[in-house]
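Structure, as structure tokens:
Going in written order, the chains are labelled A, B, C and D, and every chain counts its residues from 1.
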Amino acid sequence: MTEKLISHTNLDRLLARLGERGRVYAPARDEAGEVALGEWPQNEPLTLEYGNFRQSPKAFFLPQNQTLLYLQEGQWQEPGLPVRETFLFGVRPCDARALLLVDKVFLDGDPNDPYYTRLREKTTVIGLACAQTMPSCFCTSVGGGPGDAAGVDVLAVALETGLLLRAGNAKGEDLLSSVAGLLAEATPAVLQAAEERIRDAEDQLAPVLTADSVRRLREAYDSPLWETAGQKCLGCGTCSFLCPTCYCFDITDEIRGSVGRRVRTWDCCAYAPFTLHGSGHNPRPTPKERWRQRVMHKFRYAVESFAVSFCVGCGRCIRNCPISMDLRTALKELGA
Amino acid sequence: MQSEARPEKGWEPRILAFLCNWCSYAGADLAGVSRIQYPPNLRIIRVPCSGRINPFFLLRGLQNGADGVLVSGCHPGDCHYISGNLAARRKFALVQELLKYAGIEPERVQFTWVSASEGGRFAAIVEKVVEQIQKLGPNKKLVKSYER
Amino acid sequence: MTRNPYLPYPARIQEAIVENESRDIKTYRLAFEDSASAAEFRHLPGQFAELSLPGVGEAPFGIASAPTEADFLLFSVKRVGLFTAELHSLEPGAPIGVRGPLGKPFPWDRMAGRNLVIIGGGFAFTTLRALIKQILHPEHRAHFGSLLVVYGARTPGELMYRNELAEWRKRDDLDLHLTVDKADAGWNQHVGVVPAVLEELKPSPDNTLAIICGPPIMLRFTLIRLAALGFPDDDIILSLEMRMKCGIGKCGRCNIGGKYVCKDGPVFTRQELASLPAEY
Amino acid sequence: MSASHQIEARLRETVEKLLREKKVSLFLGFEKASLPFRTTPLFLTKTQEVERLAWNPFCTANLSVYLPRLFQAPADARAAKAAPPPPTVGVALKGCDARSVVALLQERQLPRENLVLLGIACPGMVDRRKAEKALGEHEALGAGEDGRGNIRVVVDDGTEITLRREDVVADACLECRSPAPAIHDILLGTPVEGKKTETARLRTAEFESRPLEARWAGFQEVVARCIRCNACRQACPMCYCKTCIFDQTRPRWIGAGTNISDVAIYHLVRAFHLAGRCTECGACERACPMGIDVRLLGRKLSAEVEDLYGYRPGEAIEATPVLSSFAMDDPQDFVTEP
């Protein structure tokens, strides 16, 4: 595992070098004043000071509109467009970990999803460890951490002297060796400072009850608490559209004359039409069942299928719920 | 400004027209039967009443490539269903304002009244609408692209 | 390079047969446009496919033909929604896409050497037809014990595959029982719901598998009846209906518990279903 | 003691009595949420839980959004027959929320006799995003109201920061012309004065003064950021349609994704469907996870309806909704003449 130091001045050079190989996205303030991943270089300066992005980077891998097939003169054609090499700098460890989870469905599933696979292969993720957490964060309760390198190709830890870059896998090793000229040795002092940074952030996080969630949720299937929460849930898609691991989608055809396309768009289990049969029967007819599905899918069904919960503790659903429902409270009340 | 841009070469506006069955469609028919010349840019959809028109239809028309939409019903007071056109009038008044406010040329959607006996008026209105939309150029703002 | 799982095989409608008196169920015979597609598409009874109409979309349907039936596929489609209405409007010769085969088939290997009780209700009989055809194939029939088929519909006019039912009735290696909720003048078979017929027939659970497809209400009472007859949960096999989109375990629509009906089903044993929430 | 504290105490007493005397079987109110600057809706049925009820500057949700659901009869005739009688519901309403209830009553969506409307005079509710922004680098640990109605925040380093209320109240509150609940069976608190029409229309006037192409660009900012999550629709009390036109599949009116034409049409049509019905509570823009100015078009239509027809939604139960009525002499200078 290669560990190197890059000076703050050399960081721009690193991004420029990557820019020669493909598109680079890095954090800067967007037009709404929020820090977001934007195509680099941009007018706004690069920033390393942010909690997390409003949206998770999942759209880079599962675009909100993905053309699966084109229709021309009655024939379906694969898009077959070449995908450009893409580098994402500044992805938080929770969001990177989410990629590993979505991989289980789209990359490792049989069959794998060719669209996701292509984007995933062509994208390099450079994570940035968290120095400061938000009150909605709970990554350490779901197997991650502010310095977790599980889903990144390279993990960066911002320090006073520069950034510690740590290769997370072979792709990361290659990347670091390709820009070796910009890097310096990581001294023991640097490594120690990075450890302290991460430990500081870890210490800020309050634990959330998730242990043994499968058994507890199985027992809680008929709990009246679903009804209580379902009464409040507006059935909007905010939580799942912003969730880095929510991957459900719809497929629709769009056509005018003989030209058209088959498009995949994000969908959400909180919507009533999601499971509505053609016959009018709906297996999850009210917000109660739909909210239960969301929680169960993350903390029970995913564990049953993949031995890991599909929540990375990023807290977006908590921060953005229009009526301030808190997943953590729900888990606690349900005894999960 | 786009609205003042010169129309593209060889381009002819396509205008979608919703005409009520009882007055305006008959008026258009009369214009035809009377051999009154008017521009051939219209694609006519006959509807029972101008009150049937949901503003969504107009937007869908623009989305699907119409450069303009014309809605025509019976004159106020003459509606076959007594007041369908009056209810429609309130909606239509808002549609133009809404489009204008959102930065879409309000002339792209037009409303008028034509009776069954007004073949000449129908032709004159079509002429005016086509001329206005010709000046605006192709609708590029709301049209949805299906091309690769 | 493996085939893009979202890309349908091009096919064409050869024939459309009206199946019932209400004329809202039609069986479509589809033929692939090219022999390569036909060679690649290898299914087993119980599997389904996504039919694909440009501009309309896709919808999943059980494959009603047996693999032994040669180079065509049968799909029986009831007109209920957007896609099926569009399909019903098509004439022979119309192009259509077929994506599949998808899902798990009936457990062919487990069925060998066993007696079989096949129970179908209404329009869900489609994949059971495929199964029965496959079993009755001269090369296969000897591998199975007795074969009891119970098939119910609202009225005699709503029973599908009537020519085949008539043929099957003549056979002595298949015990066919038809039942209707409401008889008409010419009806000389059972009247009443499927569970009541089972009650009457009392099939033995010994060395027997029960295979059921039908509407939820029929399933519910049939399962109660089978349990009373002593069928263990693991010997009851069901095929589920669920809203689906991708058919390959990605889109999440048909997710029930840890399972995807499209990928892990649609065929399940009752025992497998017992561990899932009843959200179907 | 802050004003909201006093109201909170009276609210709890009142609701306790309503439940105890069985005047209502369910009360919709607010309770504290897990994060600062927020509350979450509370469906209260037990008198002993009345202490959970909160009233503070963070009671932003428009609870009337839940009312149509509570009175919706099952679609299936047999289920409808077997259904329990409709509940009697008490609900806490700010000025804007009360207007929504009136509009819902105008549209025959609620049985008035089953409602106990508890109006609360509202001095404007805090927009959590504004408050979070105002704190800059600091993270809030807790927040409340001080004696002057300003917002006192305890931040991560343990210090206290006071935010001026008018700096952090929601945009809709800055434009609120009728903070006093128009309809109520019980009223708590002393209503403050509403904003002047000109004040309420400042943003609309500014946008309108831009040239056409600049307005298109402004509208495109909304379109470009929208992720079509439907939060605006779901948070809106007036969006009670059983099947939304955007959810229909036969025909599918617009594409499901974020194609810019589809998104533009979504916002235009949604604005239009709320023309003459929107009570300007601002629930849509507070619900928007992308921080879009969701009410951009709606504000204009409200002003237009008022100017053309002298109508404001949610003022009088007996008034006919403006687009369901007409007058022979309605203005028609927009009509094309030869």
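By definition in this document, a contact is a pair of C-beta atoms (placed from the backbone, for glycine too) under 8 Å apart; a residue touches a chain by one contact, two chains touch by 3 or more.
Quick caveat: nothing in here was measured; it's all calculated off a predicted structure.
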Of A-D and A-B, pair with higher C-beta contact tally: A-D
Computed distance of Cα centres, subunit C from subunit B, in Å: 51
Separation of subunit A from subunit B, taking each centre as the mean of its C-alpha atoms, in whole Å: 47
Computed distance of Cα centres, subunit D from subunit A, in Å: 31
Centre-of-Cα separation between subunit C and subunit A, whole angstrom: 40
Numbers and ranges of subunit B residues touching at least 2 other chains: 144
Residues of subunit C engaged with two or more neighbouring chains: 81-82
For subunit A, residues contacting two or more additional chains: 250, 252, 254-255, 260, 267
Every chain pair meeting the contact rule: A-B, A-C, A-D, B-D, C-D
Sites on subunit A touched by subunit B in the complex: 70, 72, 254-257, 259-261
Complex contact set, residues of subunit D against subunit A: 33-36, 38-41, 43, 61, 65-66, 133, 139-141, 221, 225, 227-231, 233-235, 247, 249, 252, 255-259, 283, 286-287, 289-291
Touching residues (chain side subunit B, partner subunit D) in the complex: 1-3, 55-56, 59-60, 63, 70, 76-77, 83, 86-87, 89-105, 110-113, 121, 124-125, 127-129, 141-145
Of all residues in subunit C, those that touch subunit D in their complex: 81-82, 85
Residues of subunit D defined as touching subunit B within the complex: 207-208, 211-220, 245, 253-255, 259, 261-262, 264-265, 268-269, 271-272, 275, 297, 300-301, 304-305, 308-309, 322-328, 330-332, 334-338
